[in-house]
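A, B, C, D, E and F label the chains in the order they appear, each numbered from 1.
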Amino acid sequence: LQKRQVKEFMTVFGNLVDNCFNACVDDFTSKVLSGRETGCISRCVIKSMTTQARLGERFAELNAAMTAEMQQKMSR
Amino acid sequence: MFGFGRPQPTSAEKIAAIENELKVVAEMHSRMIKVCSAKCLDKTYREGELSKGEAVCLDRCAAKFFEAHQIISDQLQKEGAARGFGGGM
Amino acid sequence: LQKRQVKEFMTVFGNLVDNCFNACVDDFTSKVLSGRETGCISRCVIKSMTTQARLGERFAELNAAMTAEMQQKMSR
Amino acid sequence: MFGFGRPQPTSAEKIAAIENELKVVAEMHSRMIKVCSAKCLDKTYREGELSKGEAVCLDRCAAKFFEAHQIISDQLQKEGAARGFGGGM
Amino acid sequence: MFGFGRPQPTSAEKIAAIENELKVVAEMHSRMIKVCSAKCLDKTYREGELSKGEAVCLDRCAAKFFEAHQIISDQLQKEGAARGFGGGM
Amino acid sequence: LQKRQVKEFMTVFGNLVDNCFNACVDDFTSKVLSGRETGCISRCVIKSMTTQARLGERFAELNAAMTAEMQQKMSR
């Protein structure tokens, strides 16, 4: 279980890195991130985290509702 | 979730089924984040905070994704039972 | 082996969900799937299953042919 | 498949090699489904059945994907042997 | 890397942390290859050798990707500590 | 560790196959690869391998630099 959470975290974290890098970095005339790029990445990370937290809440609610519904069906 | 109508599972099978259920749920969660972020977020990242529109879109996307997941899961089991699905996999 | 099959099934199933959701759902003015969307998803699932079954057959044939060829080479 | 000319493998190594072979085959199958579905299927899903054109496209895509997989696998082994591939990985 | 300020890890936890660190590094490497290839390579493959422009682009992309990975990792830990991140996961 | 390397190799190899197939094969009027397609795939593989080797070197350098920096910070 612990292992699964680490794995899921890594998938989500990896997708976040790919996603924010892809969205924010397109200039390869320098090998150092520009101020514009780091700003964009930073906002992307904040937005992604808020998104994850929000979707996590929704997911938990939806999952709880479904589990309750299934248990009702089974107990009938 | 993917028990294709087999009779009396052993307790080892039950544990494996729960384990898989958990994996399915964890993977659904990761996929929901990926799919709904792609559908709802403005990719320019000029703002770090979610706009109201983005937040509402995410909520609805989550509900629709969950519903779609259920529909597809049910349909696969029905079709699977009918066609003997799993053979081609 | 059993474990690998479950894993492969989950990858294929997960891709199917993503794929059919992405292709069929683009309207977020409601939080419930519309009739058009459920219809599209249902057809997408049927088509995907037929596709998987067909590709599964082709894959088995191609794999058998390759294995036979390799064994012939080895026995020479 | 990826035995880079090592001498006499132990039986543990042989089992690991077979295991990997199976993983490679299973992964190739998943990837083929993904790639050939993207290449051949009409994404509007107005029809639930495969059209004749889609079915033929899938068959040919499967054959070409398999062939490409073999070619690439062979090439990697040759290049790998020549350049001492794997070091950079 | 993802140790959110927990007190005194046991040696089993330390080993797990190192293992995860290795996984993170390996995965970062795979992702870098994927992302930077997409950003820098000409997809027509009329040439088998890397052009000078592609090679330079890859080097810079690698450096920027690495830097971005560090920035994001640091930011997640800071935000995570502040907001109690991980709860929503 | 050995297992992880195999897994990483498989991910990278699988991405290479997908990538070169997607970039080079688009004609499904035949079930055999054409000369143009095999040529394209072959060049794609060579370029991908050179890319991987190059990025591997860069990655090792960057990783070594970062590790050295972290150890300095810790020893302070």
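A few comments on the model shown:
Keep in mind that, in the parts below, contacts are C-beta pairs under 8 Å (C-beta built on N, C-alpha and C of every residue); 3 or more make two chains touch, one makes a residue touch a chain.
The structure displayed is predicted, hence computed values, not measured ones.
Between chain C and chain D, the least number of touch steps comes to 1. With respect to chain F, maximal separation of chain centres occurs for B (centres as means of Cα atoms). When chain centres are defined as mean Cα coordinates, C lies farthest from chain E.
The mean-CA centres of chain B and chain D are about 26 angstrom from one another, to the nearest whole unit.
Once the centre of each chain is set as its mean CA position, chain D and chain F turn out to be 15 Å apart. The centroid of the Cα atoms in chain A and the matching centroid in chain C are 25 Å apart. Shown for chain A are the residues that touch two or more other chains, namely 5, 8, 12, 20, 24, 41-42, 46, 52, 54-56. With touch defined as above, residues shared between interfaces to two or more other chains in chain B number as follows: 23, 27-28, 34, 59, 63. Begin at chain B, move on to chain C, and keep following the contacts round; the order you get is B, C, D, F, E, A. Those residues of chain C that touch chain D in the complex are listed here as 1, 4-5, 7-8, 11-12, 15, 19-20, 23-24, 40-44, 46-48, 50-52, 54-56, 58-59, 62-63, 66. The touching residues of chain B, counted against chain C in their complex, run 2, 20, 23-24, 27-28, 31, 34-35, 38-40, 56-57, 59-61, 63-65, 67-69, 71-72, 75-76, 79, 83, 85-89. Chain A contributes residues 5-6, 8-10, 12-14, 16-18, 20-22, 24-26, 28-33, 37-38, 41-42, 45-46, 49, 52-57 to its touches with chain E in the complex. Those residues of chain D that touch chain C in the shared complex are 22-23, 25-30, 32-34, 36-37, 41, 43-50, 54-55, 58-59, 62-63, 66, 70.
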